[in-house]
Amino acid sequence: MRARAFTITLMALALAACAPPAADDVDVHRTTGPLSIGFVDSLSGPLAGAGTDMLQGARLWLDENGGTMSGRPVELLVEDDHGSTETGVQVTKRLVEANGADLVIGPLAGNVGVALGRYVTTTEVPLVYPIPTSDVFVHENYPTVFPVTGTAPQFNAPLGQWAVAKGHRRVVTICSDYAFGQQVCGGFADRFRAAGGELISQIWPPLGSSDFAPFISQLQRTPADAVFVGLIGADSVKFLKAWKDFGMSGRATLLGSDPAFDQAVLRGVGADAVGLVSVGHFAEGRDNPLTRKFSESFQRAYKKLPSYYAASGYLAVDWTARAIAANGGKVGEAADFVRVMRSIDYPDSVFGPITVDDRGQPVYSVYLREVAAGPGNLPWNTVTETIPDVGATGGLSYDEYLSRPIFSRGYQGGTP
Amino acid sequence: MSTFTVAGLAAGYQGHPVVDGIDLTVEPGEAVALAGRNGMGKTTTLRAVMGLAEPAVSAGSVRFGDVELHGKAPHHIARAGIGYVPQGRRIFRSLTVAEHLAVVARPARAGYEPWTMDRVNELFPRLAERAGQFAGTLSGGEQQMLAIARALMTNPLLVLLDEPSEGLAPQIVRQVGDIIAALHASGVGVLIAEQDLSMVRRVADRVYFLDRGTVAAQVTAAELDAHADLLERHLGVGAGHA
Amino acid sequence: MSGGELLLTTFNGLSFAGLLFLVASGFTLIFSLMGVLNLAHGSFYLWGGYLGLVTLGATGSWVLALLAGALGVALGGGVLERLVFRRVRGIELSEVLLSVGISLVLADLALAQFGGDSLTIAPPAALAGSVELGGLVVPRFRLAVIVAAVLVMIGLAVLLRRTRVGAIIRAGVDDEEMLDALGVNVRRVAAAVFVLGALLAGASGVVGGVFFGVYPGADAEMLLFALVVVVVGGLGSLQGAVVGSVVVGLVYSFGVALAPDLLYFVLFGPMLLVLVLRPRGILGGRL
Amino acid sequence: MNMRVTGLVVLVVLAVLLPYGVGEYWVGIATEAAIFAIVALGLNVLMGLGGLVSVGHAGLFATSAYATSLAQQHLDLGFATSGLFAIGVTIAVTALVAALAVRTTGMYFLMITLAVGMLVWGLSHRWSSLTGGENGSVSGVRPAGVTRYYQYYWLVLGVLVAVAVVLWYFQRSRAGMRIRGTRDSAARMTSMGYSPAAQRFVAFLASGTVTAVAGVLYAGYYPVVSPSTAHLSMSILFMLMVIAGGSSVYLGPAVGAIVLTVLRAAVSAETQRWATIMGLILVAVVLFAPDGISGTLRGRLRRRTAVPPQPAREPVAQGAR
């Protein structure tokens, strides 16, 4: 009996191996019928606040445009990755393999992003990456991934030069100890030192630290004139609270990275935030018709001011829609589609003017921002200075940039 | 007080029956001994009566007058008027002597003189001296007294005592015996599981002999000496030694 | 590390220890009587924070917020005890598993209800800002937390040592079955202790909300800290919770300052060592 | 017996034919379910057979997955050699943990495993120069000739069947009997001259080895091994698979793993409240079906066919008392 059972199993296996299952084909060349767009986002976990914003930004675009792109109704398939790599891959596999998504927009979390980037290159589906990506994407330059809002170091590099120009020659950095925080910090540190600044020390709290007081005590006696803050979401809120509680205000200038004093943080801090200085490619209080309209309609729809996550979600959908329109109302082959996306320039957008460079990396205007009281006395970021045409390399040539390692805790810029 | 009746009690641990078909009664104010060697089911019987989680009772009834106690939670059984002095004393090590008494104190019962702190202290002068001491620091004899005093504070109508002589020096055993006799004299019913013949003689009006989980015989205290065979078989003593 | 930094790091550690004690005392109370780790304790903490936050927003009163966090969670804990935990009372593993299940549900419902942002609770006006203590700038609220922890410690000690209820709880820890056989309804005592533990968790959630903010994940974080505290100090012992809180608070504070990379070793290493060498903890066993 | 073997063979054949019936995505879910089924069977050597509850098994699972990935990147090993390397590393780690944990049972055992799980998670998270930290470590290497998704599924399925057969004989072997005896009464085993700690050590080691095998397969399945592999929620998921499936029935944990993995895939497509559902399942199982799915089903079946029920027993709870 057992022998027979074994034989049957072997036979079944042999049979199976001879005739591999057929792959299901999705017709990406359709120009009619609904477009199904996967949307991978962190809607729970430590980044849930930002993730919710990103989704709301995307939803706002769809609401404003009747839920269609090139006349085709859009089916937005929203998936939550919980900020976890595994879940991110799982849900993206489902979108691509089971739901037949034409393309995927996402994700939010940097760690999920690297895994998704690797995964989608094994599929026929393009990935539209809404949030600044890991530097990995510049180095690897996947042909089927489009980084809508550039890279993590990109928008922090100008602050390095600016800090020195404003007389902040001695700086301590405090950045989240994970890939995204390290790259944010690297972008700043590299240009700061290149401009002649002195990096006194670097503090690396783990993402999601409970108590920032111990880090403050390290800062308390620092001779630095400024502290560069590369913290994200909840961590940034906790840091700002501890900073105030320990009477640090006025001892050193805080220089914020693009996520550190973003709207997602300001909401948790409240009026205390007024006066905070940071850098970023988005400023919800920028005096520009497109941005103003966006901020207003976002506030009307969701009773809060938009963060750059919200703006990124909005822009990623908009860019996708333009590319589909330019591609004859279809997504088509993944690499072709990404080529189309790279060919689109924005003379103006909710972020400002955007172009795409030869390597397919977007080039943005970067703003020096200051928090002021906005509508309803809520704090928001206003623009004090604009630095145009900031690309992925911090002003270096691609040859030089690509010869350097990817920013990490061990490599914070300079000649390796 | 009403008659306390155990009928057809069967109980055991994890599917191993230990006692099977125990029948016994304790009349109001009577002192009854449950005699037998180790492992014959004395402790199991008393624990089963108290409704403790192990042994599991599989059959039988435990009644106090008309009230069925079988199946009730232990604190219900205790509140029905059954005081329990367990084997090995089981005092609360992190409570003082006074706290022991305070923790379990229950209101008096109509028609009975209430057990109060003062009355207990009168009966146990040694405990009164050690009121503030942690119970874990008491000697074995003192702990036994405390276990009895604690049971009295629940104002019981019937006290179950499980081998109160165990591990005590003969002189202390005598003292404990005196106390139990005094209790009995004050009108409290007593059901004592014991293998010390002197204690049985000192305390009991009637004796049940337990053998392999059933009642093998019962005699009155007066008849004890006439049954040397029972004493030999169930308590391991020749009548001559007694 | 300079002298000032040393002092400040110590102060930070102690104030963190204060919060840890508030959380861990309830946790250890429940463990001592039931022999069960209530792994939903972190969720109780989280909900205390959210209830406090909502109440503060609605009424503007810090006292009401604290009461809402403490009593709301105590009530919820009481209901859970009555409807869920009581059914498996005495089966330790089942109790732990239930608490895991409940913590998953509570955390997820909090996320659904309050979203993922980190929200902070403003301290009461009298405790906002900082004071200078011998050249050291320290936040008033952190100072108040140390004071509150000491008060709660004294209160619990008085409750346990000097009252009849406390004696009943200690007796239950010593020998629950015997207490039951002496006419004390141990179930009710257990329920009361569970509610008290929940109350402390809820109140500490409001305090923690000022400290660190209220956000998804705070539940697991605090639970782990409480676990390390009670394991290091000694399971089921109030003094243990005191010692454990101070040790963990200081270790954390200095660990972050000196060896942030080894933080998890610094925290879980001692816990593992204590578990292996002295399973009942440094001061294990007695309430 | 024959009926049962025939039934199982039919099931296995159906499982082999699965890729002809469903698409790539569901074959992927089935692959994952089979990997988790291996973990659950391994964990049940501790929980069901040994009566010891581990909430740190994700730590061992992740150790193996990371070791596989790191061996491939830094030592340039292929799938098989890196797998063997990882299994060796994990066995060593398991032995260390077991040596610490086996003197205890119940709540203390649970806490030690919890601490170990947290340590592994902390390391994977913080020792970023080795593990890549939050980004994870690149994996997804599969043996030559087994690169297509359905081929890898067959490989995993084959390993699952092999593990199930080996563990079946293990639990009925003398070593297995001694572990069972230690669970039921450590005192009796001691009086018979066996050290309860030694039996628990064997159980832990066997459990860790099987978990290591699953970890290797997982590294081949996912493109990245990340700290969430080691997270407490993963350990809880494993534990839930065992108790929901039913630890008293031999294949119960595997059933639990498959049901929960498929359920998670189905549910998370519909709602974001998977954590709530998982929590409710856990509560419901503990309250209403302490024998798990398969244990409860078997109970029903037995009653219907009028075979006297087995004496009631709480297989998992026993060890924790």
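Annotations
So that you can tell them apart, the chains are marked A, B, C and D in the order they are listed, and the count of residues begins at 1 in each.
Note that in this section contacts are C-beta pairs under 8 Å (C-beta built on N, C-alpha and C of every residue); 3 or more make two chains touch, one makes a residue touch a chain.
Keep in mind that what you see is a predicted model, and the values were worked out from it rather than measured.
The chains in contact with chain B and with chain D alike are C. The most distant chain from chain B, with centres taken as the mean of CA atoms, is A.
In this structure, the chain pairs B-C and C-D differ in their number of contacting C-beta pairs, and the larger number is found at C-D. If you average the CA atoms of chain B and of chain C, the two centres end up 43 Å from each other. Averaging C-alpha coordinates per chain places the centre of chain C 32 Å away from that of chain D. Distance from the chain A centre to the chain B centre is 76 Å, each centre being the mean of its Cα atoms. Centroids built from CA atoms put chain D at 36 Å from chain A.
Those residues of chain D in touch with two or more other chains are numbered 125-126, 272, 275. Among all residues of chain C, those that touch two or more other chains are 108, 263. In chain B, no residue touches at least two other chains.
Touching chain pairs in this entry, ordered by label, are A-C, A-D, B-C, C-D.
Partner chain A is touched in their complex by these residues of chain C: 2, 4-5, 8-9, 12, 15-16, 108, 111, 115-120, 129-130, 132, 137-139, 141-142, 211-213, 215-218, 221-222, 225, 252-254, 256-257, 260, 263. Within the complex formed with chain C, the chain B residues making contact are 50, 52-53, 73-75, 77-79, 83-84, 86, 90, 92-95, 99-100, 102-104, 106, 150-151, 154.
Those residues of chain C that touch chain B in the complex are listed here as 90, 164, 167-168, 170-171, 173-175, 177-187, 286-287. Of all residues in chain A, those touching chain C in their complex are 42-52, 177, 204-206, 208-211, 213-215, 217-218, 220-221, 233-234, 237-238, 241, 245-247, 264, 267-269.
Here chain C touches chain D in the complex through residues 35-37, 84, 87-88, 91-94, 96-98, 100-109, 112, 220, 224, 227, 231, 261-265, 267-269, 271-272, 275-276, 279, going by the rule given at the top.
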